[in-house]
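Down below is the structure, laid out as structure tokens.
As written, the chain order gives the labels A, B, C and D, with residue 1 at the start of each chain.
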Amino acid sequence: MARRIMKKPSEKLDQLVDSVLGPHAPPIASVAPGEVVEVETWSALERVTNPVTGPIEVEGAEAGDTLVVEILDIEMPDEGTTAIFPSFGALEGWLNLMEPRRKMCEIREGRVLYVTDRGETVELEADPFIGTIGVSPEFESITTLSPGRHGGNMDCPDVRPGNTLMLPVFRPGALLGLGDVHAVQGDGEICGVAVEIPAVVTLRLDLQKGRRIGWPRVVSPDEFMTVGSARPLEDAARQAFREMVDWMVADFGWVRDDAYMFLSLAAKSRIAQIVDPLYTAVVKLSRSYLER
Amino acid sequence: MARRIMKKPSEKLDQLVDSVLGPHAPPIASVAPGEVVEVETWSALERVTNPVTGPIEVEGAEAGDTLVVEILDIEMPDEGTTAIFPSFGALEGWLNLMEPRRKMCEIREGRVLYVTDRGETVELEADPFIGTIGVSPEFESITTLSPGRHGGNMDCPDVRPGNTLMLPVFRPGALLGLGDVHAVQGDGEICGVAVEIPAVVTLRLDLQKGRRIGWPRVVSPDEFMTVGSARPLEDAARQAFREMVDWMVADFGWVRDDAYMFLSLAAKSRIAQIVDPLYTAVVKLSRSYLER
Amino acid sequence: MARRIMKKPSEKLDQLVDSVLGPHAPPIASVAPGEVVEVETWSALERVTNPVTGPIEVEGAEAGDTLVVEILDIEMPDEGTTAIFPSFGALEGWLNLMEPRRKMCEIREGRVLYVTDRGETVELEADPFIGTIGVSPEFESITTLSPGRHGGNMDCPDVRPGNTLMLPVFRPGALLGLGDVHAVQGDGEICGVAVEIPAVVTLRLDLQKGRRIGWPRVVSPDEFMTVGSARPLEDAARQAFREMVDWMVADFGWVRDDAYMFLSLAAKSRIAQIVDPLYTAVVKLSRSYLER
Amino acid sequence: MARRIMKKPSEKLDQLVDSVLGPHAPPIASVAPGEVVEVETWSALERVTNPVTGPIEVEGAEAGDTLVVEILDIEMPDEGTTAIFPSFGALEGWLNLMEPRRKMCEIREGRVLYVTDRGETVELEADPFIGTIGVSPEFESITTLSPGRHGGNMDCPDVRPGNTLMLPVFRPGALLGLGDVHAVQGDGEICGVAVEIPAVVTLRLDLQKGRRIGWPRVVSPDEFMTVGSARPLEDAARQAFREMVDWMVADFGWVRDDAYMFLSLAAKSRIAQIVDPLYTAVVKLSRSYLER
């Protein structure tokens, strides 16, 4: 049975620890490479700014390694919350006069029930994923509101059960933190909020010693993905595309310019979010093109 | 049998006419609403800058109408061309020292054959679509390299057979032009070039009189889509998201802020291209959420 | 005495001619290189979208030449207009709920009198300049709302009497148009409007045959300036900086990387405007560093 | 005589302390409001990433106060260093193939001597200022490479002797750090480096209790200035313009939309830098318009 990692319910959350990914807080747990753990996460709308559960130390992790996070399961509660905050969101300033609002959404049998303002219920297939997951940067402590090379608030729906996330390691022990699970989210996360839930996330943590990657990567059964974050959004996409070129060259022997030209014919992309301090784009390539 | 629209093979292309979408050139054909036509298009790599076939006048079209372009078929040749131009493309300046290159790709039985620099053949499923299609702007003549409210060089793979494109009309007759067909393209079109082909495109052209839309829209059997173009890319996405909100409000009775909040849970998106004078993003919503 | 160029008062303005810079309209006047002319311009708030007076043909001008526009004088009326349009301007969406407004400003003895909402009069030194001035692009017709390589709506206060503007020529005759004179404007032109006036502008038009420049340049008694326009604004600045590097290399014999390094120590810049379809930045270098 | 603040020469710099502005390091000095101190700073090219001297605690400072930094003097050495790093700088990717370079510049009698690649000496007037100066953010530790609301790497030449910088306080004691003094810098700092020097900076530190500002402000004898940092650059300018509107409303009784409209006629701006993780723009307004 997997070990459960959580902060004691009695403990008060502290923004200096729980709202950043960084090198200063002592680990709340230490995990051996290959170990499976269950992590209790808070909702992003609870208590402090987008709290994460961590730091979780991975034994033996060093700068220049890659942390491998296999996402095995996400256990959801039976309801989640979405909201509009008027001074936040992709269309802030484009749609005037928005009022702050909150909506509860029931989660039942793998479906999220959204009740419209006219009282109709629209059913969405639940697709839970980890909105914020990342390691400590080299020497900064970065707000959990922001994504980056270290992961963080990528709000990328591909960080879901069945897929594996890879993160570059910058500090001894990697110092993983995670939270901000979403029951379902649209591409762009345009009002700045998805269906926010507390959750129990089951992960297998492992290391690739000495494998250096530039940006977060995701492997699904069918696709390789790279996740770039920047402003403006085209630079996020460029980061992700360049990381995919690097991957094709390093692991699959492609000539660099040939990889670039091929991605212009074969890549898929999605906008993960355009609401956080940096924006996030995902680039995908079918594994069938590379693994032959 | 559908009427064939083309420029006479003897005619020399003229950038003042064939490389812009605008109000100044006399129509090469006039089409009744509801008529099916076949349009011969040039490859974007031929003769002048990204030539379009047109202007095609749609009888009775006036500013404030919507032009409806049902894409029935695209007939491909048996090969296409892709290329790298060093001073062009999304990673120009990010990948130094690229050499100009061209590659021919055979097109056979619905597949595009890409031969890598190591001599291996990778097969891609052909997915032909119209890269550049648009109407005349109100009073500008815009290079066919650029997308915009009027359509143009959107490089959006969803403008494909089986789908219907809607464009706002700004000038009497709409003055449609099209070209730049791609046998297949990756999201982002990152090296600036797809598999470029001349083609014969079969379209049904129709009008929605007095229906005013803000940006191009696409309807597929399963999805509604809006297509925004701007720099930076997040503004292209914002245009597309706002157009989708407007659509939900006008045609499906949603309350505006409710539509905004719902899209944050249910929208899909793709980056169409980040290489043209304006960048293009596509927002998609399942029709099942709206048509109930 | 200088020849006067104007459109006949009886003529109705036509957006296809007067609201674009392009190759399609017949010239309203033809000028010999070296000739001084007076041009009557309209206010940007009059009649059609930002009207320009033109096209003015410069005899002998050909693609690859540089048009030299020496600005000798601007004659102002005794009042101008400024305004807020709520869906336009740099802080649109940042300052909610703005109401549309207009304010008349008296112009007296070289000063613009601004009456605040509290009824106090603030005096600004008048600093009249040509907001929109440009040549025909190669084959597009571009709205006079937009700046670009061809000049256009640069809203650059350095295009003022005493200075000389240089523009690249793309079409035979250059096809100059100008308008949108401002009695005074702040950097950024943030509400989208300056003190807008009709004016009489005295210019000497000349040619540098075979001198090819990339972007508009301005020469004042003390400084060389380059004017870049793009979105985002950093790309406008990059265009202007690269043009300055090119100028130092071509005309003053600097080594390219040395010029780049030196500009990092010696350049001045201003934001011209962040409200038009492309944004405009100006880079300046003291002539004393180059002319020795 | 002013107290001297420095790190002991024997101490090794630590990126976790010296390359961030944040809440975790213990203060190296505590200063009473109104006290004058001399601070020894390192060159940005020395030892660790852009080191700052600090944290300096200001007694009694609390979140919601404004820290007032009067810059009294900067003592320069007799030479400084500038450099090109190929993968860094505003034209990285625009000017291909740059080689890394360093150049020493002699500083003599208030002038910086730049020797060109052709061996000529160009004299620039020295204009020393503090490139990086900021307080601790609320709960992040931000790399000293980045500017922000907290100040940081603004590279703003107006932070010079004779002027006063105001910073918002987020943490008890404010926790000021400074470094990265430049003997002279061009607007934009385009190759990413100015004439970098170690220096002794004389400051008077004071507090405005309970005065809450949004972004750094500078007061010179003639002008009020606001300093915004963001990507893209237009958002940096928008931050600075909005802060200036807020200032006019709060301290000088302007009606908000009137202030906005007036800035469109009267503001000046400069691009401080377009090379750091966020870009910086400065907005200036003559004090004569406000203090009447």
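Keep in mind that, in the parts below, a contact is a pair of C-beta atoms (placed from the backbone, for glycine too) under 8 Å apart; a residue touches a chain by one contact, two chains touch by 3 or more.
Computed from a prediction, not measured in an experiment: that's the story for all the values here.
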Counting C-beta pairs in contact for B-D and for A-D, the higher total belongs to A-D
Per Cα centroids, the chain farthest from chain D
B
Averaging C-alpha coordinates per chain, one finds the centres of chain A and chain D separated by a number of Å equal to 34
Could you please state the distance in Å, as a whole number, between where the Cα atoms of chain B are centred and where those of chain D are centred?
47
Please output the residue numbers of chain B that touch at least 2 other chains, ranges allowed.
94, 231-232
Within the complex, which stretch of chain B touches chain C?
15-16, 19-20, 22-24, 138-143, 230-232
Residue numbers on chain B that touch chain A, as the complex places them
82-84, 89-91, 94-95, 98-99, 101, 103, 112, 114, 116-118, 120, 122, 124, 184-195, 231-234, 237-238, 241-242, 245, 253-258, 260-271, 274, 279, 281, 283, 289, 292
Provide the residue numbers of chain B that touch chain D in the complex, in ascending order.
92-94, 96-97, 232
